[in-house]
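As written, the chains take the letters A, B, C and D, and residue 1 is the first residue of each chain.
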Amino acid sequence: MSVVAEVAGTLTRLRAEVSALHAHLPAYGLVVWTAGNVSARVPGHDLMVIKPSGVHYAELTPENMVVCDLDGRVVEGEHAPSSDTEAQAYVYRKMPEVGGVVHTHSPYAVAWAARAEPIPCVTTMCADEFGGPIPVGPFAMIGDDSIGRGIVETLRGSRSPAVLMQNHGVFSIGPTAESAVKAAVMCEDVARTVHLAQQLGRPVPIEQASVDRLFDRYQNVYGQR
Amino acid sequence: MSVVAEVAGTLTRLRAEVSALHAHLPAYGLVVWTAGNVSARVPGHDLMVIKPSGVHYAELTPENMVVCDLDGRVVEGEHAPSSDTEAQAYVYRKMPEVGGVVHTHSPYAVAWAARAEPIPCVTTMCADEFGGPIPVGPFAMIGDDSIGRGIVETLRGSRSPAVLMQNHGVFSIGPTAESAVKAAVMCEDVARTVHLAQQLGRPVPIEQASVDRLFDRYQNVYGQR
Amino acid sequence: MSVVAEVAGTLTRLRAEVSALHAHLPAYGLVVWTAGNVSARVPGHDLMVIKPSGVHYAELTPENMVVCDLDGRVVEGEHAPSSDTEAQAYVYRKMPEVGGVVHTHSPYAVAWAARAEPIPCVTTMCADEFGGPIPVGPFAMIGDDSIGRGIVETLRGSRSPAVLMQNHGVFSIGPTAESAVKAAVMCEDVARTVHLAQQLGRPVPIEQASVDRLFDRYQNVYGQR
Amino acid sequence: MSVVAEVAGTLTRLRAEVSALHAHLPAYGLVVWTAGNVSARVPGHDLMVIKPSGVHYAELTPENMVVCDLDGRVVEGEHAPSSDTEAQAYVYRKMPEVGGVVHTHSPYAVAWAARAEPIPCVTTMCADEFGGPIPVGPFAMIGDDSIGRGIVETLRGSRSPAVLMQNHGVFSIGPTAESAVKAAVMCEDVARTVHLAQQLGRPVPIEQASVDRLFDRYQNVYGQR
């Protein structure tokens, strides 16, 4: 029995989940046209489910999601996978705790990325979700491991689930694809709010001890348990 | 007969009302993901109805609203209540005239809050609804009465039904939950308009006597009587 | 037979038209909550059809529109009319060529109004629709003829169908209610575009002769004839 | 048999395609009211399909699209064609590789156009789609070949499929009408992102060699083949 047959039930669930999660990207203004994607790791297997390349969000279905191995080769699916597959596969190979990856070009976040400027942690939402500033990763060309390496080197050992890749866009991670989508949504919201705050003056800093307490509480108390 | 049974009809109505009012929050861009909430006091009882924590707006129903006492303890409901329950319960305990409380992280308002800068009253809409500048409350940590105290100390004796909690977000109040939602909507609109006005120069002040007349008229003449 | 009975057919049509036109206001982001309105003159009679005060856009119907005389007194309808009825009635009394009036607090336009700064004519769209800068009217209190006088004194003899009332909002006019709505939509679009242009430098002026030619052509050639 | 009869099947397809593509314009905020349009060349014939002038996007149907020759004269259709027909016909006459043209007044792009300032290429998305800065064309009056000439002189020999016509708006081109719509969408996204980036500092430039590699890869590898 092939690996794919073995995980058929899991794939059916993840195809539906990844397809549906893409709806958040245009709804929150994180993407235009087809320029952004969500992927999920297939737990216990060296596989991932990802968006097909260049397909409109309104046309995504569980069936046209693409299953790739963690070298980015198509294992199941009739479409070419996202052009970000190599970068996301690299993240899954190197960060076993990551279950989902999201890529966007959300405008306020990319504005910070174009200046190679991390977003300072001056709101409680930023402390809650990112535990400090949202960091900037290197300028990296598409086509080999450069983007993946830049993401991993920036996020490994950081509290932040999102990185602003210089001149490029946002990559966010999480234990699940949904948590990575949430981080992408929060990243743009923080990027916009701090942008607006800095336009008319200087935001008041939040003490590190308060950032630490907010991050700890939000990660451990918020939501349904 | 328990207190809850006694007010069963009122709770049915308030669960439906509070659930439905949440739709304004994403519609007006006041919140992302699950980060904001509405609550209502149960008139004549030390009870409140509030959003469950971490649940998406599209999934809210009258049934999954949570009923808490005014110490923030769950009295009825299967979900954990909003992490802002303690703050809102404090407001209901200390301000008996308040029938509804709303919390958002709307971006233009939070930009002012991050700079700890009150919004000056330079539009007739601000005079109508807020009767003067929109004030800033202290930086306060979540987890005890600090946020509630900051809201009450700022709004008690103020005409404004909204406070910008420093580095955090907006809390708004009103005699009903709907009026608190309206104040949250107006707060973001005023925050945005005055932000835009200040970007390219200095707004013209409105004389205090005119602010007073506008506030008085709007509070007493506008709408259906 | 009363005046209202005589024009019953016209009123039925105008109630439907005015009610439906309101949908453009929230759709284009020109209003929040209930803060803006559309009215239409009843041709050949000293009557107007206007929004009821404080009613949500989603709840407007042909039936709850209010018919007033041109002194602002209710002639037909069960609701109190918009609090802007006096101002709009004044416009209809003094400018017989006006068939529709719209009032909004659209944010970019109000930002210019808060600075009492006319919007310079630096785009062809502004030349087409407004024939020059969009002018500023005086600061005027609600409650008597002051707003109406300010609108009429600013727009009489101007090519512009819209005025930015200082610290307040936009009033636009046209031969029909639809044309006044169009002017309100265009006013916010021009206000935003020129705001954005000025944020990063100086727009290039358009020569007066070109403004004149664009205005003339747009008024006489554009659209279906 | 007339030319129109000969291409009846193609016209049926293009009428439906051009009508449907217009939905992207309001959805992405590229237009207000009726101020923007899409056209497509009829392959192998000196004909084009274009929006009727002054008709609302919600009212567009395959049937009310207008077929014109490449001098802008109506060949089939009951409506007057877009007032931009002459400009677009000129583009089709002079650039045989162009199969679709789009015109918008999208606000961030027009802000650059009002300053006559090209958009620098500081994001990978701009390199991918535009292969360098987005150029500015001359100020040109409507009513003769001036706009068409300005578009062609700016885009001929440029990698960019979009031009910012000074003080006016965006014209974008592509091998198909859909690709021209995509270029218009991407142009506004890039215009906004770089606007935001410049508001708070200086974007980091991207080396020309990297721009070249990104453009080449995106044009030849992205999407489904």
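One rule holds for everything that comes next: a contact is a pair of C-beta atoms (placed from the backbone, for glycine too) under 8 Å apart; a residue touches a chain by one contact, two chains touch by 3 or more.
What you see is a predicted model, and the numbers here were worked out from it, not measured in a lab.
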{"item": "Chains touching both chain B and chain C", "value": "none"}
{"item": "Interface composition of copies chain A and chain B: same or different, split at half", "value": "different"}
{"item": "Farthest-lying chain, centroid of Cα atoms versus that of chain B", "value": "D"}
{"item": "Rounded Å distance between chain B and chain D, as computed from the means of their C-alpha atoms", "value": "45"}
{"item": "Chain C and chain D: spacing of chain centres that average the CA atoms, whole Å", "value": "32"}
{"item": "Shared-contact residues (touching 2 or more other chains) in chain C", "value": "199"}
{"item": "Interchain contacts, given as pairs of chains that touch", "value": "A-B, A-D, B-C, C-D"}
{"item": "Chain B residues within the chain C interface of the complex", "value": "28, 122-125, 182, 185-186, 189, 192-194, 196-197, 199-204, 206, 210, 213-214, 217, 221-225"}
{"item": "Chain C contact footprint on chain D (complex, rising order)", "value": "32-35, 52-55, 79-80, 83, 105, 107-108, 110-117, 139, 141-143, 166-169, 195, 198-199"}
